[in-house]
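Down below are the structures I want you to see.
Across the two complexes that follow, chain A remains constant while its partner is chain B and subsequently chain C.
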Partner chain A sequence: MADLTLSGISKTFGPTRVLNDVSLSVRDGEFLTLVGASGCGKSTILRVIAGLEPQDSGTVQIGGRAVDHLRPKQRNVAMVFQSYALYPHMSVHENMAMPLVMSRMSLAERLPLLGRVMPRRREVMKGINAEVDTVARQLQIDALLGRKPAQLSGGQRQRVALGRAMVRHPDVFLMDEPLSNLDAKLRVHMRTELTELHRRLGVTFIYVTHDQVEAMTMSDRVALMDEGRIVQLGTPADLYHNPSDLRVARFIGSPQVNIVSGTTQTKGIAVSDTVLPMQVGLPAGQVVSVGLRPESLSLDIVPGRARLTAKLAHVENLGAEVFLHFILPDSGDPLVLRATLDAFEAHRGRLDQAVALSVDTSRALVFDTAGHRVDSTGRMAAQRPMVQA
Partner chain B sequence: MAPVPKSRPRRRTDRLVASLTAHFFLILGAAFILLPFVWMLLTSIRPASEVFTAGFNPIPSAFAGVENYSEALTKSPLLRFMANGVFVCLGILAVQLLFAIPAGYALAKLSFRAQPLIFALVLFGLTVPVQVTALPIYIALARLNLLDTYFAIMVPFFLSVFGIFLFRQFFKSFPQEIIHAARLDGFTETEIILRIIVPSAMPAIAAFAVFSITSHWNDLYWPLIVTTSPDHATPPLGMMIFRDQETGSNYGALMAGAAIITAPLIIAFLIAQRHFVRGITMTGVK
Partner chain C sequence: MTAATLSVSRNSQMRAEAIAGYAFAMPALFLILILLILPIIVVFMISLTDYQLGALTWSWVGLANYAEMMADKAFLRSLANTFIYVAIVVPGSVGFALIIAILVQERTKSKAIYQTIFFLPVTTTLIAMSVVWHFLLNPSLGPVTSLARALGFGDFDVFGDPDLVLVGLAVIGIWQLVGFNMILFLAGLTAIPRDLYDAADIDGADGVWDRFARVTWPMLGPTTLFVVVTSTITAFRVFDTVAVITRGNPMGRSDVLLFTLYKVGFQDFNIGPASAMTIAFLVFVLVVALAQAFLIDRRTHY
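== the complex of A and B ==
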């Protein structure tokens, strides 16, 4: 178990800068998720931590000790890969035993033929087998130990890959999109299982995904990456309610945040046919983007709240809740509203015409043209100790 | 009679015609390649008197196989030639694999500064015909007093650029994540090659073995240059010596000898064929 610190990591592949001065501290036992669109550099960070790709500059520290000069296996990290990366011609048992065989046996002892006559080998192998069996039971794959990877389902391979990482009791688990090859139902199930595994092991997890739902549901903290930089690092709730950047607001949340363009005025921000009473500390006449989460809009008329007129285009009924897709008449901007089924039923009769939607401005997010958050809470968020601006 | 939709039988006959045409050309090609073999086998059981009779008679008038084959086996050290051939071919193949697999792995999966240059040299090496280097190698072997040895027959082929290229192409498609996993588990690069890469490269190794063994078993050019005695002669060279000295014009026995030295190749190919044709299958990867 160990904490982990990256300071000033940069990496280029040819002309492209994949990582741009990334610094990050992960606490001991934390579940930290790196999330971002593909190509943002999140997987490269994992490979740099593991020692599989050397960084151009910067330092990796695990448990307070710099590991830059160490080979991958000496760093005591384990990695679970997207494709599981099981050794295709070895059985499940051999796959899981391999990390222990490699660390506990000498080069001579692990030779295919000569190794058999080495005196210590039998005893060591016995210990390894016992440990593999224990981990296999924990993961409920003890019945599969004799099979080859090709004979396993995706979920079973996933468990074997986890088992291979667990047997070596690493200081840090690195997971590179481990769930993205599974079908949707199994993915939801494995989400819970991985969270439980993390709680049970109490080890530092660094988890890479492009799926914001995985990031939100599993992590203690989330780092959102874009173009080789960490845009924002915080708790899932922080990223959702208090994004420091338009990219963060867009990436986190499903359905996506509504972005409507507005103009600052002395009394607030003019959006479509209304003025949102908000102070953002910008001179009047500036163009801004206003982010409205689907739950910041409501069909009920709330006294004192600004109202936007919009026309219903499409209804998505999920059973317990309903997503109503509106269109702002003048700009054509889409606007998604999250309503309970009851609220939807109550207002159904008047939805064939343009309706007024109440806007909860206390939860609105305002960004300048560069995408930086400019409303008051946003400025507070920006002043928090953030690893990177 | 109910009207039959016209398009369907039309399409069926079209397909039949296409398939017949394809088979016609395949059979033509196969006949072209197989006919000499068939003729060799027929001649090897023909009585000597009949070999040069005029006319085209595929079926021998009398069966003289026993005499011809026994003459081929007794009047020349044919088994010695074949043992030489086996030794030379396996020796060449073993050293080729020993160098080509690690070299192919390095070119496919490791990154080092000279990699593009070395790969370019490998490609360049593919274009150099064996005859070009024959003279310098011959002179070197002569100076070292190594002519007329097994080593002399094998040495120019130890480093196979074709092998390096073939394995490099094959390893290129091997999943990088498995190699990463192996490095994290503590495999050394040599162990990665021996325990991870080689077991999954069996189809490529079989394919390369077929290429290598066929070309060196059949090679006449180089053994003819560096060997003079029948002691180290490989089968084709042995056949040549055999023809000159012993049998003169006994073509029946000569063809029997040829049939005997071709047989191991055909058998070897039939055994390796399944690997050879199966090609690249990476199970359990995705």
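== the complex of A and C ==
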């Protein structure tokens, strides 16, 4: 168990800068997720931490000691790969025993034939087998120990990969999109299981994903990355309700946040046919983007709230809730509204008609043209990513 | 419609489908019969006769050709020579190809150049290259022998020395096969997922030997088996170098199966006994091929 600190990590592959001065500290036992679109550098960070890819500059510290000069096996980290990277020619047992065999047996003892006659081997192997069995029972794969990876389902392979990581009791678990090869149903199930595993082991987890749902549901904190930098680091709620950047607002949340363009006025922001009454510390006449989460719009006319007229274009009924897709008449900006089934019933049959929506401006997010968040005082809120926890 | 008529119509439909299936398979089946099966049957039939090339009459002799073959010292010697040749060429060409493939694989910019260089012998005509090798190793004029002499190894005549001749031929065989095997190994190496090496690094198998023993070698299992089988069959068919360079000399020490077959069939015109040898040759190749099919299913399948 250990905390982990990255300071000023940069990395280039040829002409492309993959990591640009990334600093991050992860608390002992924390579940931290690196999330971002593909190519944002999140997997590279993981590989740098593991020691599979040397950084160009910066330092990695695990448990307070710099590990930059250490080889992957010496860093006491375990990694779970997207492809699971199980050795196909070895049984589940052999796969899981691999890290222990490599660390506890000498080269001579590992040799295929000669190894058998080495005196210490029997005893060491017994210890390894017992530990593998214990972990296998924890993961409920003890019945599969004799099988080869090809004879396992995707979910079972996933567990074996986890088991191989667990047997060595690492300081840090690194997970590179471990759920993306599973089908949707199993993925939801494994989310819960991984969170439970994290709670039980109490070890630092660093989890890489491009799926914002995984990031939101599993993590203590989330670091959203873009173009080799951490754009924002915070709790899932932070990133959702208080994004520092337009990119964060767009990435987190499903359905996506609605972005409508507006112009600042003295008393608020002019959007489409209305003025949203809100304090923005910007001079009048500035072009801004206003982010409205689907739940800050409502079909009920709430007194005192700004009203926006939009054309109902499409309805998605999910059973418990309904997503209504609107189009703003003049700009053509799309708007998605999250409504209850009851609220929607009252508006049934109004497809292609103009509907009045009320806007909860207290939850509106305002961004300047550069995409930075602007709060009521005009400061760009949390413009730099918060590095310290 | 009753159940009975339903099943009748289903039966007739299945029969129609079966007929269509056979009809589609017919052209290929016809070609296989004409080009592969029929010649084998014909050769087998001839091997039961005393037919001589150009002769007007022949008679059945049963298995006499086979009995004679098994008692024939020259044939048995050529069989033994062939096995020795195979026993040198297969490990040599497979081992070197594996080493070269791993070394070439690690190169980034010069990879294509090395691949081409090592593949060149495959593209050449072995007959022509045999002449070149003959010259290179010529005891009086050959550059290789001259070099050996200059370095103080003394005189040697590879193709004249009864103990060296098979080794000399095997070296040419290895030289010719290595490039092809290397390409197969390179394909096998490229197919190994990078993730496995990353996992091995993290698990502690990060030395050269451990990476090879734990990942590369097991992952190359199917490729290796294929390479061994193709190399065995190719080595078994050695003929060109023997026919051009040694013609079985000295003292029959380089007589190999196909060369003996050629001598019996096309110099002595004894087609019957030659056919018997052909069948024997076919059986050996078939055994190797079957062993491959069997082994692929059992050992290297994962």
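One rule holds for everything that comes next: the second predicted complex is superposed on the first by the 373 of 389 C-alpha atoms of A that agree within 3 Å, B and C clash if a C-alpha of one lies under 4 Å from a C-alpha of the other, contacts with A are read in each partner's own complex, and residues count from 1 in each chain.
Here, a residue touches a chain if its C-beta (ideal position, glycine included) is under 8 Å from a C-beta of that chain, and two chains touch if they have at least 3 such contacts.
A quick note: this is a predicted structure, and the numbers were derived from the prediction, not measured.
Chain B and chain C, once both complexes are superposed via chain A, clash. Once the two complexes are laid over each other on the shared chain, residue contacts for A:T263 go to neither chain B nor chain C. Applying the stated contact rule after C-alpha superposition, one finds that A:A50 touches each of chain B and chain C. In the superposed model, A:V77 makes contact with both chain B and chain C.
Within the superposed three-chain model, A:A85 lies in touch with chain B and with chain C [touch as defined at top]. In the superposition on chain A, A:Q140 contacts neither chain B nor chain C.
Of the two partner chains placed around the shared chain by superposition, chain B is the only one that A:N181 touches, whereas chain C remains out of contact. In the superposition on chain A, the residues of chain A touched by chain B in one structure and by chain C in the other are 47, 50, 52, 71-73, 77-79, 81-83, 85-89, 98-99, 102-103, 107, 110, 148-150, 164.
Interface residues of chain C, counted against chain A in their complex, comprise 193, 195-196, 198-199, 201-206, 209-210, 214-215, 218-219, 221, 302. Per the touch definition, chain B reaches chain A in the complex via residues 175, 177-178, 180-188, 191, 195-196, 199-200, 282-286. In the complex of the two chains, the chain A residues touching chain C come out as 47, 50-52, 71-73, 77-79, 81-83, 85-90, 98-99, 102-103, 107, 110, 148-150, 164. Here chain A touches chain B in the complex through residues 47, 50, 52, 71-73, 77-79, 81-83, 85-89, 98-99, 102-103, 107, 110, 148-150, 152, 157, 164, 181, going by the rule given at the top.
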